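Each of the next two complexes has chain A plus one more chain, namely chain B in the first and chain C in the second.
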Partner chain A sequence: MKPMIDMYLGTVKISILQQFQYRVANYFYMIGMVAEPVIYLVVWSTVANAQGGSVGGYTAQGFAAYYIVWTLVRNMNIVLTPYAWESRIRRGQLSAELLRPTHPVHLDIGYFAGWKFVVIVMWLPIAAVLTLAFRPMISPTPVEIAGFAVAIWGGFFVRFFLQWALGLLSFWITRVSAIFELYFTIELLFSGRLVPLSLMPEWAQQIAALLPFKWAFQFPIETLIGRLSTEEILFGLGMQALWTAIGIAIVSIVWRTALRRYSAVGN
Partner chain B sequence: MTLIRLAWSHFRIGAMNELQYRVNFFVQVFQSLLALATGLVGLALVFSYTPELGGWSPPELLAVMGVFIFMGGLIRTTIQPNMERLMGDIQEGTLDYALTKPADSQALVSVREVRIWQTVDMAMGLIVIFIALIQLNTQLGLAAALATVVALLMGGLMIYSFWLIITTGAFWIIRMEHVLELFQGVYQAGRWPVTIYPDWLRTTLTFLVPVAFAVTIPAEALTARLTPETLLFAALFTLALMLLARWVWKTGLRHYSGASA
Partner chain C sequence: MCAAMSAIHLSQLSKTYSVPQREAGLKASLRSLVRRKSRDVKAVDRISFTVAPGEVVGFLGPNGAGKTTALKMLSGLLYPTSGEVSVLGHVPSRREKDFLRQITLVMGNRNQLAWDIPALDSFELNRSIYRIPEADFRRTLDEFVEILELKDLVQKPVRNLSLGERMKMELAGALLHRPSALFLDEPTIGLDVTMQRRLRAFVAEYNRRTGATVLLTSHYMADVVALCRRVIVIHHGRILYDGDLAGLAAQFSADKTIGVTLDDPDVDLQPYGEVLGKDAGKVMLRVPKTDVSRVATRLLADLPVLDLTIEDPPIEDVIEHVFAQGAPQEQPA
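And then the complex of A and B:
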């Protein structure tokens, strides 16, 4: 166990140092990402104001809170893109990773988890600017803050394992982009990223309840902006644990079969 | 004249290159349809709560979306691939090969690449515009049609100039590829007419990143909102931006010291 913990700490540290070095590049990336929620926010605030103040239970200030917290959750949700597997396999980078005594998934977890610390620090000024510009209505209780602190990491793990599993498709299929894009579209619609799910028709909300996406995305946001009771927060954390477990199960089963298909010259 | 011949032969080579990979066409169609579906879902959601958004009716916003998709396709067909290649060339010093050719360097670096499958988005944008026009149920007069085409052309030129200015920054700052992410994020704002945004954002989207000129103004021409003054102003701004891009390019070149030759 000790070597494993050491390995994680080491990877996290390296990742933090590395990403902090590229802070300007990271900022460009993060500012580009802020454009998306700002667009949604402006559109829905306009709709809310035109409808006499609120729509789907959200006022303009409510939307501001939702989409500002959105930006942090979105950043926490960035994990290894499934497209990475194409080059890992084609260029034989995987061969080197397979020589390590640990499963390659650990290295990826450590790397992305470490990056998150840099992201959270860099996010604070962005949040401050957005708060000044859009005046969100938000006053979280200690329970909500604690729940949120756990839930953003829960969301990270849910999305991390599911996308890692998705990326493994590259072992069987060479032209993966159509499948990945379909997956991302479904995720966009049913995670609460496009709009809070309460604005969607009833049937869409029922579909979303069966999928993992909203637990990784909308659930942490709603926790912080005070839309959930303590029981609902605990239930959501449980769902995150469940979907993380499902993700780990898929990864461990598929990984073994995938490896048997892998043949590449090393580098 | 040489510029057109140059562009044409580069286009032919690029097209022949990509025509080898025909399945990519279907992949592209599929992905464009997904993007279109997402856009339509967004519109449908908005209009399930309100009859109009900031003074724009559903078919009018559909026209905006059509222009947005068309312009996005145009950017990805020619502007973006050329600028990405230029960025790479500056980093690696391979720009020497382009500079030593007996043609205007700015013209040459602007026409070297073409991704023809991205024209799927241009076609899809035109279809969406067409459907919007049918729903609008008004005759598009010759003047309005002409104004739309002119506005689109100027929008394209402005986006090109903007990209060239940013890319030229690579002569001073080497790592510019994240600017690409930034632009793609900001361009998404064009999905909606810029008039709905708060002042500071609208100004940014008009003068700093010319999304307003590229998408909203052509859409205004389509929906009979465009005044001749705005079009004239857009023309002047296009000219100014192109001259600025030319000047920045020339200055940047003087800072370039090749790596290979």
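And then the complex of A and C:
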């Protein structure tokens, strides 16, 4: 166990060092990412005000809370994109990783987890500016804060393993972008990223509850902004554990077959 | 040598790739929508050889001969299509951690170190991944820093290093866990002569100190001559030659080179053989191997010879001659 922790700490350290090398680029990337929720926030706040102060149970301040927490969850949700696998294979990076006496998934987890520490530090001033500008209504209880602290990492792991598994398609199909696009469109609709799911039709909410995306995205947000009971928080964490386990199982099963197909031509 | 005593053992090892095929043009493109064609390409075709522990072997062949594919099978990156392979008692394709801790594959055209941070940080990561005890890590690193003269380089971001400096770092990083089997795929590619010589010396020193087995591919014959007594030549996926470097010329070169220094440098030597060039009064003649003694006797009898030498042609010429040959004959099993 100790060598494993040592390896994770080593990877996290490397990631933090690398991300601080790119601190300006990271900052501009994060600022650019804020544009998306601010547009949603302005649109839905206007709709809420026009409809007598609230829509789908959200007031303008409620939307502000949702979309400000959104910015942190979105950044915490960044994982190895399945698109990266194509170049990872073509440029020989995977060969270098396969030579190491550890599963590459550990190094990826460590790398992206390390990145999150940089993200959190950089997010704080952005959140402060958004709070001053939009006056969110948020007063979480200790249970909600604790639940959120676990849920944002839970969301990271759900998304990490499912996208890692999706990326393994690259071993079978050379151009898998179309499949990834379809996946991301479904994720966008059913995660709560575009709009809180309570604003969507009932049938859409039922589908969303059966898919993993909501548990990686909307669930952590709702945990912090006080829209869930303690039972609902515990249930959500259980769903995150279930989807993480499903992701790990897919990765474990597919990985060995994928490696047999690996041709490593030219690299 | 039996497989159990060898560091590397291959028996009838093959790797076949299925390569998609399509003719040029729109018509062919539409046809490929319904009927995809592919053909099998044998990158490595039933090769067998054994390498003893501590041996340094040159693995030679033109581009596309199958060298890198073979090295990738030996290091567990590729699954063989058929045949058997064993490295340090392990089957590489099983990718056991104990096996991966004992080998390294260095490719001259690829970086394994993180680009934006000093190599020292990447070395630290390797320490944790390979579970190298702290004291061993420090000792090995100090040793490499001294031999490769890395002191002023380890704290610079890798992107700020020259190609040669980077390659020294790559090699150091790849050997920090003190592997017992080294697969070096053109480690000196693109480097200047001084840097090539330094890396060669480092590999030789590593082999001497640790007794590691080394399989080296290189297009620079100086690497091979300096490091390898034995060479294996592969062409079209088949082994053409496996033996002493010196024996390669004996087997494959149809000619010898006669160097003659005459009292009168203006004598026309064309009737004796193909004149390759003149250097400081010494004329080099290419003569068919079967005619060497007859031509040498004639030269000594006919002309005022001050000095006469008979040599194998340069190893580069021999290799070029080997590579220029067609597909190899059936290799005896």
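Going forward, the second predicted complex is superposed on the first by the 264 of 267 C-alpha atoms of A that agree within 3 Å, B and C clash if a C-alpha of one lies under 4 Å from a C-alpha of the other, contacts with A are read in each partner's own complex, and residues count from 1 in each chain.
As a working rule, a residue touches a chain if its C-beta (ideal position, glycine included) is under 8 Å from a C-beta of that chain, and two chains touch if they have at least 3 such contacts.
Keep in mind the model is a prediction, meaning the values are calculated, not measured.
J.: Tell me which partner A:F28 touches in the superposition: chain B (first), chain C (second), both or neither.
T.: In the superposition, A:F28 touches chain B alone.
J.: Applying the touch criterion given at the start, work out whether A:L182 contacts chain B, chain C, both or neither, answering first, second, both or neither.
T.: first
J.: Taking the superposition as given, does A:L17 touch the first partner, chain B, the second, chain C, both, or neither?
T.: second
J.: What is the contact status of A:V105 with respect to chain B (first) and chain C (second): first, second, both, or neither?
T.: Neither partner.
J.: For A:M122, select first, second, both or neither according to whether it touches chain B, chain C, the two together, or no partner.
T.: It touches nothing on chain B or chain C.
J.: One more residue to check, A:D6. First (chain B), second (chain C), both or neither?
T.: The answer is second: A:D6 touches chain C but not chain B.
J.: Which residues of chain A touch chain B once you look at their complex with the stated criterion?
T.: 25, 28-29, 31-36, 38-39, 42-44, 46-47, 50-51, 55-56, 133, 175, 177-178, 181-182, 185, 188-189, 194-195, 199-201
J.: Can you list the residues on chain B that touch chain A in the complex?
T.: 23, 27, 30-31, 34, 37-38, 41-42, 45-46, 48-50, 52-54, 175, 178-179, 181-186, 188-189, 191-192, 196-198, 200-201
J.: List the residues on chain A that touch chain C in their complex, please.
T.: These residues of chain A touch chain C: 3, 6-7, 9-11, 13-14, 17-18, 21-22, 92, 95-96, 98-102, 107, 259-260, 262-265, 267.
J.: Using the touch rule from the top, collect the residues of chain C that touch chain A in their complex.
T.: 17, 72, 75-79, 95, 97-98, 100-101, 103-105, 107, 110, 112, 114, 116-117, 121-122, 124-125, 127-131, 157
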